[in-house]
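A, B and C are the chain letters, set down in written order, and residue numbers restart from 1 in every chain.
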Amino acid sequence: MSWLLVLEQCLNGLQFGVMLFLMAAGLTLVFGIMNLVNLAHGSLYMVGAYFATAAFGWTGSFVLSVVFSLLATLAVGMVVEVVALRTLYERDHLDQVLATFGLILFFNEAVAMVWGRTALFTTVPKALSGHLQLLPGLRYPAYRAVIILVGLAVALLLYVVVSRTRLGMLIRAGASNRTMVAALGVNVRLLYTIVFGVGAALAGLGGLMAGPIYTVQPGMGDDILIQVLVVIVIGGIGSIRGALVGAVVVGMVDTLGRAFLKPMLSTTIGPAAANDAGPALASMLIYILMAAVLSFRPQGLFPAARG
Amino acid sequence: MRTPRTLALAVGFVALALVPVVAAALNQPFYLDLVRRIMIFAIAAVSLDLILGFGGMVSFGHAAYLGVGAYAVAIPAFYGVHSGFVQWPLAVGLSALVALVIGTLSLRTSGVYFIMITLAFAQMLYYLGISINAWGADDGMRLARRSQFGGAVDLGNPYVFYYVVFGLLVLLLWLGHRLIHARFGMVIRAARSNEPRLRAVGFATFRYKLAAFVLAGAACGLAGALLTNQTEYLTPSYMHWTRSGDIMVMVILGGMGTLFGPVLGAIVFLLLEDVLAAWTVHWQVVLGPLLVLIVLYARRGLWGLLAGRG
Amino acid sequence: MAEPLLSVRGLRKRFGGLVATDGVDLDVAEGETLAVIGPNGAGKTTLIAQLSGDLAPDAGTIRFAGEDVTALPAPERSGRGFARSFQVTSIFREFSALDNVALAVQAHAGHSFRFWRRAREERALREPARAVLAQVGLAARADVEAGALAHGEQRQLEIAMALATRPRLLLLDEPVAGMGIDESQRMVALLRTLRGRHTIVLVEHDMDVVFALADRISVMVYGRVIATGAPEAIRGNAEVRRAYLGEEVRA
């Protein structure tokens, strides 16, 4: 295997990692600030993908479909927060897990009722359908490159907002001292709804970008949710930095494992055995990584300082 | 005020024992099949409740052991070993082993980490299942015949199979009853109530919680062995995380921290699923919000409601 | 003097930028009652947590009966004779008062990997538990759910759970916190009966309680022990009065 191929797979890993980050950021913010475990976060990713696909069908404009999908997911997130999740902040994690599990069932089925159970296919917009010549001999799909750039931009933006702005200050204070924030005259309820909506929109952003390269189908958010949980366990819950590092590591390990484990194994244990063992091992790789991190640092790599 | 519960218990027990008789009289073998399936999930739910309701460990990966138990029956069968004396102990032993590994790693953490980690490891086993082509990958594989025990115990006979499952459920409830009132049970229940206090009086809580975790996994592995025999089919979807969610819902619905609550929960959940599914293919769109409502307004579960106030 | 039962050297614990204990040294002789006093935030509860093994120190050593126990977790320290009460009442609320104490007995009566026999029918657990409940004055409340006991009774129950482990060293974190005058007096009377029979480290705010019970007093301020001595000496120590009792230095 050439090093160009390795480099290309690294870029794919980074691209996947960035998608994971968009999900993990929202989930970890919502947990860090509202102390809510939202398993239905994957459903928002799915909803984002469906909205974008549908809007692209109606308008034919990629830009319009992106805008529509982001706003719609934001709205769905805020409605869900107000209707169902708001009352769960004070409940224990078991209640949160069960209630959001119920939401997953609802969303998966609701999507199937509207758009059917079969997978939808959507295409990469024309302007981004080409390839970029990154290096001599390395052409990389422009669309995937854009995903990487968007993800990194969001990471930077989130970092600046959380660490430098008044909103970020409130967010960090809300995490540790709810009554203090309320005493400053801030509407904590509204703040929470906004934070949840933004988290939802980030998940929707991940979903809408995923549409053209993965399949859009009911339950598509569930698989990525589990991987995002692994990201959060590795990175440390409640920490944006941990989410970013964890996401990139998991994205890389998963992608490279799937690409190279089989050929590497076939040189040692023979092609026949590698055919079976390769994919099986590759599918377990990120969980093994999680187990390893847990053994050494049970609170993850970047545990958020919580009182 | 134990009377309503005792009455419900007696009625339920007799009703379950008489189902085959009624099904035969009405010539409706479907009921036999349905109730047997319910009892298998009841075993899984009771095993989860041991750690969830009594031990306070919110494991969201309990379906993993259902799957391991199922594979422990189907894989030997695939290679021509049909003896239940091999398959069933293997199912119990292997799930105990898997629970030991997962428990050792996940019990180092607590709270939301524990939930996410148990969920992730269970899902890892699911992905492993769908990636092994030799054992059917995501299609799974048919079970050529049910576990063989020889003599009168022929699981091919639906009535015999029914009473085997019924007997195992009753046995599990009886063992569970002894366990939760014995020293071990006092320790895991106290761990749920106040773990720092338990450590302060001198209990190294980890080993007791781990032991409970392993016992629960082993019992659920048995349910998995029964489940492949029930469906005569193996599929990795037994391990899918939504299945873990289902089992957890049964426990909560029936009443966690009680022995009979999970049984009641399994009955109501699967009947509800059956009724809703007959009514609309989109039954989950009803079930989902229903779950949210149960969590918000009926935390004590049905068994708790039977007890009245207090 | 013989080696003290408990000997602490250079105990240090910080949380981020906050130093909770900053090089604490303590010696407690067998049978002695040492009171640790100090203003809020002085690090007293953190000290108890490190002594009991609930919190690992960043530096320093804890020796008990001639052995280094610094690395031992709480359950193992309990096995060696440590017992503690918590500042915020910590009991098994859903269990009866007798169950609470019986669990503490059970922890020191062989292993608990017993799955068959009813623990509530084991006389070896119930009888010692009843005796301890009687000792702290809760005999009549044995079958009441612990969560339903009055606040003062719950504090007594905490003491009972500690005593049921047959401790050599009692770590008491503000045993009269939140109590009314009557309850508080009853608790002091109870603790007085334990003086001399157990070695006690007592963290307390109420000076009347401290002077009623302590053989010696250590004063903690900002994570450091600034003075240790007999109650009378501490009462008269100018530095203590300035730092803790908040008195103005007269010019």
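Just so it is clear, contacts are C-beta pairs under 8 Å (C-beta built on N, C-alpha and C of every residue); 3 or more make two chains touch, one makes a residue touch a chain.
Remember, it's a predicted structure, so these values are computed and weren't measured experimentally.
Colleague: Return the chains common to the contact lists of chain A and chain B.
Modeller: Of all the chains present, none is in contact with both chain A and chain B.
Colleague: Among the chains here, which has the CA centroid at the largest distance from chain A's centroid?
Modeller: Most remote chain from chain A, centroid-wise, comes out as C.
Colleague: Find me the chain with the mean Cα position closest to the mean of all the protein Cα atoms on display.
Modeller: Answer by centroid distance: B.
Colleague: Measuring centre to centre with CA averages, how many angstrom lie between chain A and chain B?
Modeller: 31
Colleague: If you average the CA atoms of chain B and of chain C, how many Å lie between those two points?
Modeller: Computed value for the inter-centroid distance: 43 Å.
Colleague: Calculate how many whole Å lie between the centre of chain A and the centre of chain C, each centre taken as the average of the chain's C-alpha atoms.
Modeller: 48
Colleague: Mind listing the chain B positions that touch chain A in their complex?
Modeller: Going through chain B, the ones touching chain A are 52, 58, 60, 105-106, 108-109, 111-113, 115-117, 119-121, 123-124, 127-128, 130-134, 241-242, 245, 248-249, 252, 282-285, 287-292, 294-296, 299.
Colleague: What residues of chain B sit close enough to touch chain C in their complex?
Modeller: 175, 178-179, 181-187, 189-190, 193-194, 196-205, 208, 211
Colleague: Chain B touches which residues of chain C in the complex?
Modeller: On the chain C side, the touching residues are 52, 54, 73-76, 78-79, 83-84, 86, 90-95, 99, 102-104, 106-108, 112-120, 122, 161-162, 164-165.
Colleague: Name, in rising order, each residue of chain A that touches chain B in their complex.
Modeller: On the chain A side, the touching residues are 31, 37, 84, 87-88, 91, 93-95, 97-99, 101-110, 112-113, 222, 226, 229-230, 232-233, 237, 275-276, 279-280, 282-284, 287, 290-291, 294-295, 298-299.
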